[in-house]
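Got some structures for you, see below.
What follows is subunit A paired twice: with subunit B in the first complex and subunit C in the second.
What follows is the complex of A and B.
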């Protein structure tokens, strides 16, 4: 059976015994001998079928539903372009919300990159003890063992009028009254989002840094590069695979974000994913599907753009 | 004989050890064997068989017992399974089950536990949101449930798609004690334009022989406010737009309800001409949304609240001073020793009712009807009264007359239905009765019922415009 797992070796499969030839697996090996394309196809078949069934069906359904008609009693298969016309008409709030969504994702991405590099670098170079490295990395990851919702609403007692931050600020006499912008604002939403997503960036960048050969760092130092120069001209380029992997996570998940805006941002600045839910609230499933289709297209475009500038096989 | 059977019941009850265990026992399929064993012990005969889902006889039930009347005191024998049962006793398991779905306010373990204890039916309840519930049923999930506890304006979707069965009025015994809100077009709060609430209760509001859904609990909504912070009583929906409270207001993220009360304020104050605030035309809604956008841009709203707990936290923490809240929200805030009141708005309250509908092909019809009757028997209504909700039947009055859980000075009936010290809305603090006054005072002041508008899509679109402004 071992031969079956390596398509490339099939072309030169060893001679089979009489008994092996007689068995089912033996007959399969015989049939596939010299046909690596067919073998690869067969190996890909279960996964492909599974993805087609689960992801493919859902995607196709969403696209089809986006051309149907919403009704109080459910979707009706009456084809129309009205959902897209309503969504994409000039003056529709969709445009502003799309721009805002992209802004949030951009701020999210820039923020987590700026936070993740110092954190990863510290873990990689500054902390020498492997014990402390592991302990700090674990500390960093542990909060992410809890639910996404729990991690989000944790910011309520942190940033509220009577929250930890305001208590400290007032305790230090920095302010006399609670700072209200700390909660239910775009600022608080971004802080929560950076916290939620930073693990997706720190992990890949840190592991990319670990793969940098120590000799390269030494060479940079020997040739007189300052630590900053080494960081920007050596470390950053060599950690691009990690940066790109993290960015893919952040962009794709960030575009689908809706809960943080609702819970921490005060629900006053919805993003595209939030629009979908608000349509569903009033049984506008076709309209929700149309937004979903547009959101998927935007996601694909962004991911495509990122991959155009970076070969994902380097990750 | 009854004593031996009762002992048998205790044995069965003890077998489970706890109610949760008993449910597991029932659900695991062992229940049938256990019931057979105990029934044999008492010399009983099981009726019905697989698929027919008929309950076995219960020794505490006598069909010839005198007709039921609302009473706090359990009687023996009982005529119906849903009647009160003496403390410490549990009915024999019937093998029937009720699978219900609804909001957290009505689907609660304490209610289902009492239902199981009285009837011997097992139960399961799923707590969800209104939208998710209707969506699940429309998407084919209805077969997984026997009953549905939902807001009447959304129940229309289930009725129109044929997922429900009409419920004969004579199968709902406590209905003979119904409040006229659900039987008469002359009742306080009846809306002759929309026909609410009668049009959603009855298959035919004229004959009133069959329910579309049986009213379960209801209320009228207004504004919750921190009296200690506002230092004045709030008496208008307009206070939510008052510059004096800029940055201190939270409003509900709902494309139908929030523009509805805003329209009520703008109409009453003469700023916008609106025919029906519950079902606006595009032009009317446009003007309401534009007004709200203007207010939003001026920083009027601190937050758009999304769910019950969030609204409680917003008011209790003082993040906001006033919000278009639900009555139980205010009661929950008060429980945290915070000075919070519910407003009596001059433009009127927004009314709604929830009901229980029965799934068309339920295999547990008998148990489902027992559940409907149980919710109207009085005990259930008395429990939700403490959250500020009303019961559509007067059967809860006997329970509320005997309890003083809200105030030492008044019975719960006097407090929640009669307004305590007076039927009028209460000024200032501390309260000497229900802040919004007596039942008639409230229901004589209705702005509109929560109906389903002709063009909800337009409501959603314009609401998104408001949110993203």
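What follows is the complex of A and C.
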């Protein structure tokens, strides 16, 4: 054991052989020995540079362009506050759309948690066989790896006047004519979104449930806590990390969502990202940039708030 | 006593019914899509089925050919060509982001100054809404007079999107295994490269596979970030961007045929991943046993 710590504190391995020293990789190893800072820097460099050039550039430029002027031939570098003024003036549709965006994300988050929590709980507590546990968990994760776009499109035939859901309802004689909210509406969009996003939540909650010590559960039972009490005072607090990880996904991707609204929601009630897309469609790049800045600020604020409650590096 | 067991099993049954219902909601739409892809030539993108035919599948494989059933405003892009581009791109993205994320994850093993700043910069790749990245970079390229293409600008934002996921996967990997093993190998006379190749990489194999899977599947599906960055012609668009364009025109069951095809492809990729994962985990187990045994002897 002493030998082990010794070697680690020196940070050194036995010397390289002549042959290894001569090779290129041997020379690299030799050059980096004893320079941990340089090694760290070199390891981080390619990816960090990549991020700076893409997301870094995008963030800086979008802020700058939001103060430029949209012209017929593209953006003109004439600085103005007009983009923000027309956005933020009272009575602008922007306010309603911002509130609507936050409403959709809140409804999405609440719905997904309510749908996913019992699923994770069942996999954890009700299903006993390890084989079934992993098989079912896999079934809930697989859609995550298929195409989001395709999964959205699969909801197209479900809604509408002759949609599957309305046909089933009429077939069962629950209703005589197609239900209005099941046309391409805001409600249909929410249903599609709930089942599109549930795959982000089941896994994280289940994994944090798995980490709950069995002793804690039996201790709660021994001391006479009712199942409900155990659930709300023991299980829910201990699954907060999983809930937060899943929520982070739902909020971030929910705020960025614009396809489902267009395809399923009837393209009547855009969220902020959808508004940006509509501005791009009509070449209002400066206006689009101003909305983008607001959307980015909202996203960063919500993410910052959530990251206060848990450390994403500890999942 | 009897009463409680009976109540318990009732709630157990309810829970089981519930997850089956949710599973139906997850997978039933796929089935509907597959069924509607065999819609007759005169049918639309919703029920009812007007005859059963392979018409829309035929159209998928023969893009741009107008026939007696062609409609005005029908989308005539070549989906399969776009699929080919997307597959190539996804493969490159998966490999690039896995290598760069693995390198960075090694750096994060030891605390260093500014590690939080670097980590959150990477995380921005997930956090920042995709369409804003697309817009910002599109406008920059426009100013610079660079024409976007799927092999350049789209590749750049795809890797930007997948890198943070791959990094988190590897950070989880390093949390899971203590890599004292590496030190042990060094003590027992391996050089750093040997220690890395024979000890660290085999232990990380499951995570490398997961990283490749995430990189591949996330890239294959990416459209928010690359929306404005794959070029303006149908010949350079990736599949998701082309699908975006087609949905805003007129939806035909060809889209369902395409969706069915790509979903089957996704399932195949996932099956491949699971197969290799099981193999890798068996190997990792063996490797850990092999490495630990001489250590145990040494201590005894």
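To be clear about the criterion, the second predicted complex is superposed on the first by the 258 of 315 C-alpha atoms of A that agree within 3 Å, B and C clash if a C-alpha of one lies under 4 Å from a C-alpha of the other, contacts with A are read in each partner's own complex, and residues count from 1 in each chain.
Methods note: contacts are C-beta pairs under 8 Å (C-beta built on N, C-alpha and C of every residue); 3 or more make two chains touch, one makes a residue touch a chain.
Predicted model, so just to flag it, every value in this text is computed and none were measured.
Trainee: Please tell me which partner, subunit B or subunit C, touches more residues of subunit A.
Mentor: When the residues of subunit A touched by each partner are counted, C comes out ahead.
Trainee: So, does A:47 touch the first partner subunit B, the second partner subunit C, both, or neither?
Mentor: After superposing on A, A:47 lies in contact with subunit C but is clear of subunit B.
Trainee: Quick one: classify A:303 as touching subunit B (first), subunit C (second), both or neither.
Mentor: So A:303 only meets subunit C here.
Trainee: Who does A:156 touch here: subunit B (first), subunit C (second), both, or neither?
Mentor: In the superposition, A:156 touches subunit B and subunit C alike.
Trainee: One more residue to check, A:86. First (subunit B), second (subunit C), both or neither?
Mentor: first
Trainee: When the two structures are overlaid on chain A, which partner does A:230 contact: first (subunit B), second (subunit C), both, or neither?
Mentor: It touches nothing on subunit B or subunit C.
Trainee: With both complexes superposed on chain A, which partner does A:273 reach: first (subunit B), second (subunit C), both or neither?
Mentor: After superposition on chain A, A:273 lies in contact with subunit C alone.
Trainee: For A:139, is the partner it touches subunit B (first), subunit C (second), both, or none of the two (neither)?
Mentor: second
Trainee: Pick one for A:287: touches subunit B only (first), subunit C only (second), both, or neither.
Mentor: In the superposition, A:287 contacts subunit B only.
Trainee: Of the two partner chains, subunit B (first) and subunit C (second), which one does A:74 touch, if any: first, second, both, or neither?
Mentor: Both partners, subunit B and subunit C.
Trainee: Across the two complexes, find the residues of subunit A that touch subunit B and also touch subunit C.
Mentor: 74, 156, 160, 162, 262-263, 280
Trainee: Over in the complex, which subunit A residues touch subunit B? Could you list them?
Mentor: 70, 72-74, 86, 92-94, 96-97, 100, 156, 160-162, 180, 183-184, 262-263, 266-270, 275, 278-284, 287
Trainee: What does subunit A use to touch subunit C in their complex?
Mentor: That would be residues 1, 3-4, 7-8, 13-14, 16-17, 20, 25-26, 29, 36-37, 39-41, 43-44, 46-48, 50-62, 65, 74-75, 115, 118-119, 121-123, 126-127, 136, 138-140, 142-143, 145-151, 153-158, 160, 162-164, 167, 195, 198-199, 252, 255-256, 258-259, 262-263, 273, 276-277, 280, 285, 288-289, 292, 295-296, 299-300, 303, 312-315 of subunit A.
Trainee: Under the definition above, what is the set of subunit C residues touching subunit A in their complex?
Mentor: 12, 15-16, 18-19, 22-23, 25-27, 29-30, 32-33, 36, 45-48, 100-101, 103-104, 106-107, 110, 112, 118-119, 121-133, 135-137, 139-140, 142-143, 156-157, 159-160, 163, 167-168, 171-172, 175, 180, 183-184, 186-187, 189-193, 195, 213, 217, 220-221, 223-224, 227-228, 240, 243-244, 247-248, 251, 255-256, 259, 262-263, 266-267, 269-270, 274, 299
Trainee: For the complex, give me every residue of subunit B touching subunit A.
Mentor: 131, 134-135, 138-139, 156-157, 160-161, 247, 253-256, 296, 301-306, 310, 313, 317-319, 452, 456-457, 459-461, 463-465, 467-469
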